[in-house]
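Contents: one structure, followed by commentary.
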Amino acid sequence: MGIHEECGLFGIYDGSASANVALSTYYGLYALQHRGQESCGITVNDDGILTSYKDVGLAHEVFDQDRLLSLGKGKMAIGHVRYSGDGVANRLNAQPLMVRHIKGPLAVAHNGALINGHELKEELEMTGAIFHTTCDAEIIAYMITRARLASKSIEEALEIAMTKLKGAYSLVIMSPKKIIAARDPQGFRPLCLGTIDGGYVVASETCALDSIGAKFLRDVEPGEIVILDENGLRSNRTHCGGKTGLCVFEYVYTARPDSVIDGVSVHAARLKAGAILAQEHPVEADVVIGVPDSGLDAALGYARESGIPYGIGFIKNRYVGRTFILPTQAERVEAVHIKLNVLADTVKGKRVIMVDDSIVRGTTSANIVRMLREAGATEVHMRVSSPPFINPCYFGTDIDDKDKLIACKMSIEEIGKQIGVDSLGYLSVDGIKRIAEGAHCDFCTGCFTGVYPIEVPEKMPVDKFCYKISEEV
Amino acid sequence: MGIHEECGLFGIYDGSASANVALSTYYGLYALQHRGQESCGITVNDDGILTSYKDVGLAHEVFDQDRLLSLGKGKMAIGHVRYSGDGVANRLNAQPLMVRHIKGPLAVAHNGALINGHELKEELEMTGAIFHTTCDAEIIAYMITRARLASKSIEEALEIAMTKLKGAYSLVIMSPKKIIAARDPQGFRPLCLGTIDGGYVVASETCALDSIGAKFLRDVEPGEIVILDENGLRSNRTHCGGKTGLCVFEYVYTARPDSVIDGVSVHAARLKAGAILAQEHPVEADVVIGVPDSGLDAALGYARESGIPYGIGFIKNRYVGRTFILPTQAERVEAVHIKLNVLADTVKGKRVIMVDDSIVRGTTSANIVRMLREAGATEVHMRVSSPPFINPCYFGTDIDDKDKLIACKMSIEEIGKQIGVDSLGYLSVDGIKRIAEGAHCDFCTGCFTGVYPIEVPEKMPVDKFCYKISEEV
Amino acid sequence: MGIHEECGLFGIYDGSASANVALSTYYGLYALQHRGQESCGITVNDDGILTSYKDVGLAHEVFDQDRLLSLGKGKMAIGHVRYSGDGVANRLNAQPLMVRHIKGPLAVAHNGALINGHELKEELEMTGAIFHTTCDAEIIAYMITRARLASKSIEEALEIAMTKLKGAYSLVIMSPKKIIAARDPQGFRPLCLGTIDGGYVVASETCALDSIGAKFLRDVEPGEIVILDENGLRSNRTHCGGKTGLCVFEYVYTARPDSVIDGVSVHAARLKAGAILAQEHPVEADVVIGVPDSGLDAALGYARESGIPYGIGFIKNRYVGRTFILPTQAERVEAVHIKLNVLADTVKGKRVIMVDDSIVRGTTSANIVRMLREAGATEVHMRVSSPPFINPCYFGTDIDDKDKLIACKMSIEEIGKQIGVDSLGYLSVDGIKRIAEGAHCDFCTGCFTGVYPIEVPEKMPVDKFCYKISEEV
Amino acid sequence: MGIHEECGLFGIYDGSASANVALSTYYGLYALQHRGQESCGITVNDDGILTSYKDVGLAHEVFDQDRLLSLGKGKMAIGHVRYSGDGVANRLNAQPLMVRHIKGPLAVAHNGALINGHELKEELEMTGAIFHTTCDAEIIAYMITRARLASKSIEEALEIAMTKLKGAYSLVIMSPKKIIAARDPQGFRPLCLGTIDGGYVVASETCALDSIGAKFLRDVEPGEIVILDENGLRSNRTHCGGKTGLCVFEYVYTARPDSVIDGVSVHAARLKAGAILAQEHPVEADVVIGVPDSGLDAALGYARESGIPYGIGFIKNRYVGRTFILPTQAERVEAVHIKLNVLADTVKGKRVIMVDDSIVRGTTSANIVRMLREAGATEVHMRVSSPPFINPCYFGTDIDDKDKLIACKMSIEEIGKQIGVDSLGYLSVDGIKRIAEGAHCDFCTGCFTGVYPIEVPEKMPVDKFCYKISEEV
């Protein structure tokens, strides 16, 4: 399946050059850190001269004050945080990708995953292309560059390139004169526009706008190309209008609760998921608790709907990253016990409803349930605010191989037994489709249903060469 | 006032040497990280040979796997995390302090603050002592060492030294043959005992016991000296029985909610604080929200007591440390906006009750209140789960200078106006005394009342020498 | 003039996989460190899988033992040390350059400078190429890759590519199955072959062979392509036989004295340069001293020829790098005094002949002469073991801009006055041509004479885009 | 024997505060780097406030520009480079040692080794002293501090302390108001005074004065205490006038050739050692070569005296430290081949005289001799510019244990056979006494003769506690 890239994008065009665009980008990436913690980069454009720095690590690890200042000033900057699904924290694959082509330099930041990446790569190589990275961003950069040879502008080149790109791609691109933002026709990944001090901001989520005090304008539409330059904001909607399919898991897990995506608040969607869950899987109990952090909102929604008191059931060690997002499985497993502790007070002698956003392999859930019982919970009822994962994601969410997904191997009843709960209830597929009612687009629920908004390959090709370009941590 | 040290202590005696004591200590410190984020150290005792490593930084920054393994194995280890109230992240002051005296090596880890440190230091210097650090731990090490010259054991020496030490000190000490834990007669700072696999564990909070799967035994009593060695656990209670005064702010802010201190759960105490607050300062409203992280429990308590719905009002960026604990004021201020975002959904068009644990200078609160209003809250009622700070702490909690404490300069009404709320209510002194009913000891509420469990100096002496020993970040 | 790259190359093919090829490469680079101190990289080939690590810094800074071991084992490895003439220590430009093309991965290490790099780059970009670095190595990689599309092997592709490459390039290339070494038809930069334990080694200088105990076989001929694979060593001499022009400055300064290049020992060439200098510019004096390190051999040659005693006149601080090779002029200037000290004993009251390899701007020489006089030298006669620099080098030696070269602005007499010597003598052009008599090739003396072995552009094109790809120290 | 400390000291008192004393100290340490490469530190005194930074590493590794500037400005600074004979690069033992005593802060930098350190330590511990390091500097700091209690000034305290200190100690001490330099009554280790811009400089060697452009004034006399403060330079000679014994090995190996110690140039002493060696052990040969770096001067002296041509026989890789000074034996052995290469041209077909400064275990010499033969030398005659080591040094030079010293186990003839030379000649004890004729003091030749200027203990006590204070690389 190539490399999945759950990433965060940010760009700022400040015509008046009143802000420090590098600093604004840094704060934006900081707010988007939850979308990718393996590498981070910023490119600043000072009157056509692009200066870039990127490395593996969190934003505050890669950039200290000196480093940030060394990027200089300018009217524009773009930035990227990256999570690599292949578990390799790789300096080479850090973005923005910086290349130079016939018309000058180009910086490319990408969130998503192409499903025809291998085909495009092979086509490009057949005409002499060489690749330095294993990122889809490099394929995209080539496609734009080639199109640019026969077109009048970088935005026109992007429009042409998009006819060939299949899959998920939210893009923030910077040339010497402009920033271009685009979203694939299905709009798999979010991308939004804001404004501050007369300039424009583009970001994966609205929380990044908030963090720098920018005002939300609107989402970039699926298929839309937005150009930010000295003439302000322009839009090309040639590729708009097709069937859309925003990843519904953005609401359940990926995005920050304080973001609003395609018209719906993530927090509200999670509350609603909890509420529907309470309708679909009611049970008598004394307290409803959420597994931090992404299960908390759904737990509150469940509690409100059911009338069962909401409680704080776990304390999470504040000095860790996110389980889901750590690179290797080994680390995922061993970190569980150290990361979470039960608040015995809340659960002792109680019938507990525990809400989480998903179950992947089931080992983490089993550990947590055991902790609850050891702390004195008399019953544990698990409720999951999404349906079971049973299919791969081709569009940039890192899900385990099928043979490791517990829901591919067991019935729900068996899963409940395996993780040791008194009852287990998943949100229904129908339910998840309703958590973000009123959104401006349809959803992709492929990982739950096997039905994707665009045709997916029967089998993802395996790379025909064995090689490894590593330049790493 | 010298240097305040809000710190975390950990020690493990594993007679069977079945565990990796360095790793257990690491996990213990990791669980206690909230008590000190500026430096960290571990000392391992392998059959009388003490090996130590310490540096500035968080536990996971100071210790990677190689570093931890390089400490070797042994039957005992102690560890320390430190927060320096003077804002200097200093490698020299990192603990455990390692010294060698006439009878061999000694490792000392300390949490608290002596009020007669200057006098003792001067006395020691008058007889030729030299100091390498500015830690009270070094004074304590000297006092023990001097006493050791005329006594038969290190525990006897500690008993003698304790007759001269005044103030707050929870101690974990390691000699070639044993670990000794002790708590000052007032018991200002917590310290508890646990057991695992036949061995013993000592830690500042029970959450550290939980993190390694140890079972809680009991608290170390105020004034008690506990000896852990090949003969098991022994106790010396010579200094027990006086007037006690556990810092009540441990329940409000310092400790982790999943810890149980002197018989009372921190989480329960915070819920109760919220409940009393609701009784003392009721108000009509639509939602109760807490300021993360330490205001959340009290908010839930307020909501339950008042019947007003509990909501999630803020999202905190998970990739930051704790405001209170950052070293310089400058950093405290500028970090506010980047760290917290309002969940507009929760507060828009609502009358909001916002619960926080304390107000120090008022600037942070004012910023947060403004954010709530910008997000559409129609009313903001602030409730504080502790009384106003109006007095210094002499016992290890870092509170601002009086001239910076807003409650020293304004009436409550003025404060409310200053921070922009519709109403403001603090927990009463009487109320805070009731949040941990059933605890095995009395409380120090000196920072609120000016009444301390032991006599405090009228004026803390200013160091008569201008000097600076820095060896730092 | 683009970027000059004075670099060091190393490659090892060990069919029996008996050695640790990464370690051998490391030692080889360590021996070649004088050829480039700004970045360093090694690529190991384990049965077709290429693993690479590179970064800015000296070999021992970039690679510690763990890092080296992490490259794994294999039959082949290549390595590179780089000095960038543009003064930018740049992680991106570190080599070996690792790319993937239609036939698999390719690692390219290059020493030299193309004179038609800009033209080739433009041609490539016109057909959609994108560039990630500013290295000629990337242009070369593209040229090979494009040729590979229509040829049967990587060596055939290189042969074709070489018809278009103009300028200086010694190359060590690695594909999944083989190592290929090549030298441009003029043989501007050295490259030699050795053997060890039945395997083969290729290196910029013989000192790298010595460092791992390999036996010298022969030089790679100008224009020759050498293939090392499971069939042993093969050679393609299609491009051999033209007019050759080894950079004579390799003997004077660049190479290590213990290397033998194209049949002549560097040490012997320097002794001879000193001897000819003594014939051309005799003077009565009491002692001959050399400026460390590269002036020492010529000084000894001068002393022997003249019969004037050789003395040790300077002590160089062993803990510094090489003046010439530091990136910025500022650093070159200020470092002089700290780096060298005069041995007063040797020069006090004496008439001194001071031999150095070259004079660039004259400032360093003036400083040194002043130091000698302050130490009591009664006369200072400077002798330079090469003719005056008056022309640019297009082939990879970093020489200052013409307007900074003292010999472009002053007569020899004026120079002598400027730097404060009693007499000044340069080796003649005729003389320098004789320092390596018996070499297997002719020399390029273009920087002294303006006559180059191949046609040079009247004016090097200036890059038409202002841009800066930095990812750096 | 405790820890030997071959160290370098530097101090500057600049009454006019015209220089940046931190920078001057940095350059001074840089010039003294050959005396210690394991740790490095600088303490700056700004009007009584002492600021210090130290760490393991070379001067340029420990201090970058920012770090140096962070030390601030002031009228005084002292610095230290350290080589630990125990092979432990230890952050704790880095100097200047910074302590605070009854009268204020004190910074202590020490070169040498006490022979009664254990006794003093025990005495101190008997009265309650605790030790943080394993440095003699800490013992010295205590002795001064204790004496200070009953004396009027720090210099008077030092005078009193010196009555108890036995062994080698050159000291540079800084209090809030002054710098004090002192040398033990035997003057085992060098220490000299210089002046610059009306201020004063103290340093281990004159090369450090030269490096900052200071003018040499005179050596600190054995037993002398020199005070530098606002009243200029004062001297206390109470302890002067006894039997002196400068370590003669300072001339042979330790010091830099461009330094002048107690009236004699190190370079001149080495030339003379070579000349005497030529008289004592003449042999017919074609070329005389020296083993870099410390054998070069003696080789030139031998060549001049014998009339046999001097040649350059070896090239040393410039990117390494000094063999002798690397911490572990393992590293000493394996590094030989990588560090040195033979200049085949110089020795091929020749009868070679190879001069080195010493033979310790013989393994390095054997390797070098083998390299010479492989390069074609027909005969190899080794000459050593010092007598055989057969006794321990108690005064700060790190010599191997007796059971590893080849000269303790074999006759000279056997050694020659072992290392594979055709003949072997050591400088005689009588000869070494004459290499620095005219020096202002007598020499200690104890390591050659077993006769020391002061009584040495029959057996150095072994530390009675097993412990290890490590805080390390």
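So that you can tell them apart, the chains are marked A, B, C and D in the order they are listed, and the count of residues begins at 1 in each.
Just so it is clear, a contact is a pair of C-beta atoms (placed from the backbone, for glycine too) under 8 Å apart; a residue touches a chain by one contact, two chains touch by 3 or more.
Going by UniProt, the chains are A, B, C, D = Amidophosphoribosyltransferase.
What you see is a predicted model; the values in this text were computed from it and never measured.
Using the contact threshold fixed earlier, the set of chains in contact with both subunit A and subunit B is empty.
Averaging C-alpha coordinates per chain and comparing to subunit B, the farthest chain turns out to be C. For the pair subunit B and subunit D, the distance between C-alpha centroids works out to 48 Å. The mean-CA centres of subunit C and subunit D are about 37 angstrom from one another, to the nearest whole unit. Separating the CA-averaged centres of subunit B and subunit C is a span of 60 Å. Contacts with at least two other chains are made by no residue of subunit C. Chain pairs recorded as touching, per the definition above, are A-B, A-C, B-D, C-D. Every residue of subunit C that touches subunit A in the complex is listed here, in rising order: 48-54, 91, 98-102, 104-106, 122, 124-132, 141-142, 145-146, 149, 176, 465-472. Residues 27, 30-31, 33-34, 58-60, 207, 210-211, 213, 256-258, 260, 265, 267-268, 293, 296-297, 300, 304, 309-312, 315, 317-319, 321-322, 337-338, 341-346 of subunit A are the ones that touch subunit B when the two sit in their complex.
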